[in-house]
Amino acid sequence: MAEAHETADQRNAIGRTEWVIAEGYIPSGGTGGSPALESHETACILNASDSPANVEITIYFSDREPAGPYRLTVQPRRTLHQRFNDLSDPEDVPRDTDYAAVIRSDVPIVVQHTRLDSRQSALALLSTIAWAG
Amino acid sequence: MAEAHETADQRNAIGRTEWVIAEGYIPSGGTGGSPALESHETACILNASDSPANVEITIYFSDREPAGPYRLTVQPRRTLHQRFNDLSDPEDVPRDTDYAAVIRSDVPIVVQHTRLDSRQSALALLSTIAWAG
Amino acid sequence: MAEAHETADQRNAIGRTEWVIAEGYIPSGGTGGSPALESHETACILNASDSPANVEITIYFSDREPAGPYRLTVQPRRTLHQRFNDLSDPEDVPRDTDYAAVIRSDVPIVVQHTRLDSRQSALALLSTIAWAG
Amino acid sequence: MAEAHETADQRNAIGRTEWVIAEGYIPSGGTGGSPALESHETACILNASDSPANVEITIYFSDREPAGPYRLTVQPRRTLHQRFNDLSDPEDVPRDTDYAAVIRSDVPIVVQHTRLDSRQSALALLSTIAWAG
């Protein structure tokens, strides 16, 4: 369904280069008992292009200057479901703390935000496509 | 509310031809005990136009080349709630595995992404309108 | 923050005139024991303008022609949280059945889609801004 | 990744100045036993710019004129997760009542809408990026 004069890379480069998750919160507790069911907050990133995506995440807080950038690479034609729990360089993302995230890439990507909350005996899930700047 | 010079098909052709679900994950377990309550991940597609929608789904992974395209048809003026669990040609969608999906159609459609998770005794639900490319 | 030459009505007329909910499903069961906790699916509509919004909802199915239009009015500067469960003219919306909805208005509105599922002992919630055509 | 001739403020000013949450509802009950697990409805606001964001929230109801504006400020490079439960000037937001919210700012912001519902023993979560007017 693509135009004949497009390159494969142009055809597959879906998305935008700037995304925002305004609601971030990692609960410190969890009842899941396994990594899959541990409370976590995830930025699900798709790089459908044929070039590596160099991604920078900046974390904003309510009462201090932003942290980051956190740098990561999403390989061509790959998805990366990055848990904020696992970001540690330049610093950990604090638990039980309101935050927001801006995600920038040098090639178009798509970002979806998901949280699994297992603080109580039943897990709760939320997900939304991030805001494309 | 449509312009008089539009055809019925133009007036009803709502949506876009390229959609992205960046967060995909089918849990392998479930406590529901019935097909409706089995853990599942669904692409809900509306074809409000008067032509059949020929749809191609490509599945992206974190560590291998994409799978697909999976081909399906949504009849005119119909909705199709396609479970990723049920996609099998050219290959099954693996369980307990992060993935993302790009959905392309030859007529405008609308795609919403929903997951029901019944791994624990209480079910969890998420839904978001997919990203329109 | 509005331009001085706008009328109050233009300034307040937020949104679009065509919206799509691609994922519809009303579970027939529920454990809530009260109307607030009964399983339901809702189109939350905001009419921030100073004119009444004449709204038409068309329901699409997987295996039959669409139903509707269902007609309703949202008064100026009012919100209406319309349960699909309560639509009955020209026909009830069937339970345990996949559907999708197109919502058209003669003035700009905003539509958000929410479902509360109380089939199991713990309720589940989903919500997403509808697709603006 | 920004153009060299942009100022830092222009580069960081992500978002829009008008946002809508069409689905609002604060349950009066809750089983959480702690502020974090009390039923609440939140507008998560990110001000990534280098100027303070002066924000006005107007609350719309089904059967009366709107309330507000509620005024708040989000400092530069900060996020504010504002619970509707805590808005009190010019009046409290009523519980167990359908409402909608329009959020306007004098600098671009991003708004995400989240609800935690703890009326039953298991909590339920929803979240969606608000509608950008």
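Think of it as A, B, C and D in the order they're written, each chain with its own count starting at 1.
Note that in this section a residue touches a chain if its C-beta (ideal position, glycine included) is under 8 Å from a C-beta of that chain, and two chains touch if they have at least 3 such contacts.
These numbers were taken from a predicted model, which means no experiment stands behind them.
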Margin query: Centre to centre, using CA atoms, which chain is the farthest one from chain D?
Written below: B
Item checked: Classification of the chain A:chain B interface as same or different, half of numbers criterion -> different
Checklist line | Relative orientation of copies chain B and chain C, as a Cα rotation angle in degrees, nearest 5 | finding: 90
Check: Using mean CA coordinates as chain centres, what's the chain A-chain D distance in Å?
Finding: 21
Margin query: Taking the mean of the CA coordinates per chain, how far is chain B from chain D in Å?
Written below: 30
Next item on the list: For chain A, jot down the residues that touch at least 2 other chains.
Entry: 121-122, 124-129
Next item on the list: Please name which positions on chain D make contact with chain C in the complex.
Entry: 17-18, 20-25, 27, 60-63, 65-66, 96, 98-100, 102, 104, 106, 113, 115, 117, 119-122, 124-131, 133
Check: Across the complex, what residues on chain D touch chain A?
Finding: 1, 14-15, 36-37, 42, 44-46, 48, 77-81, 110-112, 114, 116, 121-129, 132
